[in-house]
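Data first, discussion second: the structure below is written as structure tokens.
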Amino acid sequence: MAHIGVTAPALELAGVGHAYRARTVLSGIDLHLPAGRIHALVGPSGCGKTTLLHLVAGLLPLQDGAIRNGFARSACMFQQPRLLPWKSALDNIALGLKARGVPRAARHAQARDQARRFGLDDTALAQYPQQLSGGMQSRVALARALVLAPDLLLLDEAFSALDVGLKAELYRQLLAEQARRPMAVLMITHDLMEAVRLAHAVWVMAPEPGRIATGFRFDDAPAQRTDAQVYARTAGLLDDATVRACFGLDAPAPAAPLALAAVGGLRC
Amino acid sequence: MIGILRQWLAGLPAYLWGGWGAIASLLLLLAGWEFASQWLDPLALPDPRTVLATLHGLLTDGNAWSELGITGRRALTGFALSLGIGSALGMLAGLSMTASMMARPWVTVLVGTPPIGWLVLAMLWFGASDGTPVFTVFVACFPPIFIGAMQGVRTLDGQLREMAQAFALPPLQRLFDLYLPHVLSYLFPAWITALGVSWKVVVMAELLATADGVGAALAVTRSQLDTAGTLAWIVAVVGALLAVEYLLLEPVKREVERWRTLA
Amino acid sequence: MLNRLLAAPLMLCAFRPLFLLAAGAAVLGMAAWLGFLLLGWPLPGVPGGPVVWHAHELLFGFTFAAIAGFVLTAVPEFVDGPAAPRPAVLALVLLWLGGRVAWSASGVIGPWPAAVLNVAPVLVVIALVAPLLWRDPARRHLSILWALLAWLAVTAGFYTDVLRGEPPMRSLHAAIGVVMVLVVIVMSRISMRVVNSALDTLGETAVSYLARPPRRHLAVACIVLFTLADVLAPGAPVAGWLALAAAAALFNLQGDWHLGRVLLRRWVLMLYAVYVAMALGYALIGVAVLTDLGSVSGGRHLLAIGALGLSIFVVMNIAGRIHTGRELDTRRWIPIAAGVLLLAAVARAAWSWWPADGTLLWLAGGGWGLAFGAFIAHYLPLYWRPRPDGGLGCEGVMDSD
């Protein structure tokens, strides 16, 4: 791929650690996320992945190590839609643009364009978040992030509370946006299958203290992956002894472990 | 801004038309009053038409307007002072955990002290001047407004604050798009409660402490055993309160909180 | 002979004979009344005198026939039950006709036959629809049964007064109240369809019409309270306040209808006008009781002509047409007739202020007669012939969903 070169911007984490009071929640995290790639951090609850994302987003002050964010623009989507209840869907989508000082007419036009791609019509855009279904709210939240045309998109368990149909739709929207321009995505999730479906690289985190235990690469384009492939790779990951240990699953590996490499996964 | 104004004006006829429901229930109340007055001595409870005729007489000879004006001035002055100072202090207290912890017992003291106690103190401090009713109204209105403002700031959603930070909202946008809409949704109900309190307290203060205003007029009707006159003044005060609340505060509140009611 | 009569198209469904008889009673009853007032024609001598004759015929004659025709057609449709059997409908028609004759002859033959022949048809209607209303699993339309029982009470109350030799007018006033309640209940059902289908026609999808129960309940409660006060202590100030409360509650009810230009569609506007006339009628009564302005009689006639007459006219044009298997009539005579009825209501109310002005009476009675005469002219041919779609009963337009 042409846009991945030495000069392309990237997100670099070196030796990042974090402690709340006396408890160390993250230690020695190294990560290299180049433009145009999707990296997933998976791990059990409490492994510090949300803390890591907050550090990257600048929501927490950095204590140890270094974060070099070479991307000009980043945007966030959280597990909850986190929309402003007193603003219409349109104004919610345009919120980040307003923060950037985009004039009203221009930001509404951009927000409307983005919303249309998400199947949000003018009626939905005029409504307040409470009037929208949960699925619509999630669409608005993703549109609010993507309308900023971020170089780096941070997803904090963004899809975990949604039903399968809606998940599939938002995956499509995300990958379509990513196909349009070289956007880097750092997503954290506890859903292995979601990571395997969307990511070029899956980093598995172990708890206490949070650290990256192992990682896998999938070099094919996420949009091309079939359900069968995703199931096979997920099963392969779940057969891995390190992964099982990270999630606290007992009895590693059945008699004949599936070869992850055979279904396109390479250990990093 | 023009859009909001247009929406507000477009919603106004429907809002005013909705007043018919309130009018119907008030008329039922009058029917109940009329019914009760048939069984009672007119000295105890005159019928509503007599009272309304008395009120009409008071209004046409001009006295009532000036007394209502005086009372209204005192109530609104006290209310406005409370609104400004209570909202500001409450929001400040809400910003700091320490301050809200400290403020709670003070508010309990304020709430617990009977208004009549404040009134006696005010009479000692301010004598028969306007200061007495205004101060009493101020003290009585202060606690609900202060608590509303403090709660509003304290309950601000941490998740939304985080979102605002992640989307790098500049301070002014944060104030107008995040803090104020949320705090207002707590402040408005508190303001409306306090407005009701102000009208009740001002009449009580005037009754005991001043020579003019509706309260003083009530003192006169009481001494003359004029039940119809007393009820006429009560109707006037309640009518003024209803008018201010439903024609002024309620429409503004509806517009500010439209996002809440449409769910 | 009897079998041939029962098989006639006129007996296909209860509304056919009953709506025609209602309209006939409206025209003849008004003609006799106008003749009495303006031309000095004699009226049958009845207990209570000419005014009682007039009110009795337009309420227990005209109004009851229309109510019976509507209820026997609509209730089976509301609860998905069987239509009234034809012999029962025929018996009802004969009892009703007997009631007309017996009442007008009551000055000669005494009030007992009239009492029996006017109460019996109400019992027949209740016996026919009560099981359907009661058996409906959710009992959604039980309020119609309560209204019919109230109608039975005012009919029985009227004849109790007559037989005891007391002035019976108060029961006739109460009957107007019962009809007003029934109109509010029934219109909430009809308007949901009429207004929303008008919205569909206009292509307005953003709003939909909902007859909100709380507003309706408040209006019904106010009307019931006024009606009770009007019977127990007519002219007392309590009744005045309650009439004003009813007026305000009815204006409140109109708030449901303020959905933009759909209000100007003909069926919507006509139903809305019923509420306007009803609200103004109660307002006029309330003001008249409490002050020396207004006119109680004028208010009652706004209710009787503007609200009762117009609502019956509109409902007969809706239910009385779609249940013959035809779409609603789009011709212009209907809105014109409705306008004439409203004009008649205003003219009659105005006559209370200018009783010397006979023109107002001619306008009022003439407008009433024209509207219901036009109904007979347009519907007699429809009711006399079989359904064009081959339907054999009360069912609505066959191909509609």
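For reference, chains read A, B and C in written order, and residue numbers begin at 1 within each chain.
Basically, contacts are C-beta pairs under 8 Å (C-beta built on N, C-alpha and C of every residue); 3 or more make two chains touch, one makes a residue touch a chain.
Please read all numbers here as calculations on a predicted model, not as lab measurements.
**Student:** What is the graph distance from subunit A to subunit B, where chains are linked when they touch?
**Tutor:** 1
**Student:** Mind having a look at which chain is the central one, using mean CA positions?
**Tutor:** B
**Student:** Report the chain whose CA-based centre is farthest from the CA-based centre of subunit A.
**Tutor:** C
**Student:** If you average the Cα atoms of subunit A and of subunit B to get two centres, how far apart are those centres in Å?
**Tutor:** 50
**Student:** Based only on mean CA positions, could you tell me how far subunit A sits from subunit C in angstrom?
**Tutor:** 67
**Student:** Which whole number of Å gives the spacing of the CA centres of subunit B and subunit C?
**Tutor:** About 47 Å separates the centre of subunit B from that of subunit C.
**Student:** Can you list the subunit A residues touching subunit B in their complex?
**Tutor:** Spelled out, the residues of subunit A in touch with subunit B are 57-59, 75-76, 78, 80, 82, 84-87, 95-96, 98-100, 127-131, 144.
**Student:** Which residues of subunit B touch subunit C in their complex?
**Tutor:** Residue positions touching the partner: 13-14, 17-18, 20-21, 23-25, 27-28, 30-31, 34-35, 38, 47-49.
**Student:** Spell out the residues on subunit C that touch subunit B in their complex, using ranges where they run on.
**Tutor:** 215, 218-219, 222, 225, 229, 236-238, 241-242, 244-246, 248-249, 251-252, 254-255, 258, 290
**Student:** Under the stated contact criterion, what part of subunit B meets subunit A in this complex?
**Tutor:** 159-160, 162-163, 165-170, 173, 177-178, 181-182, 185, 258-260, 262-263
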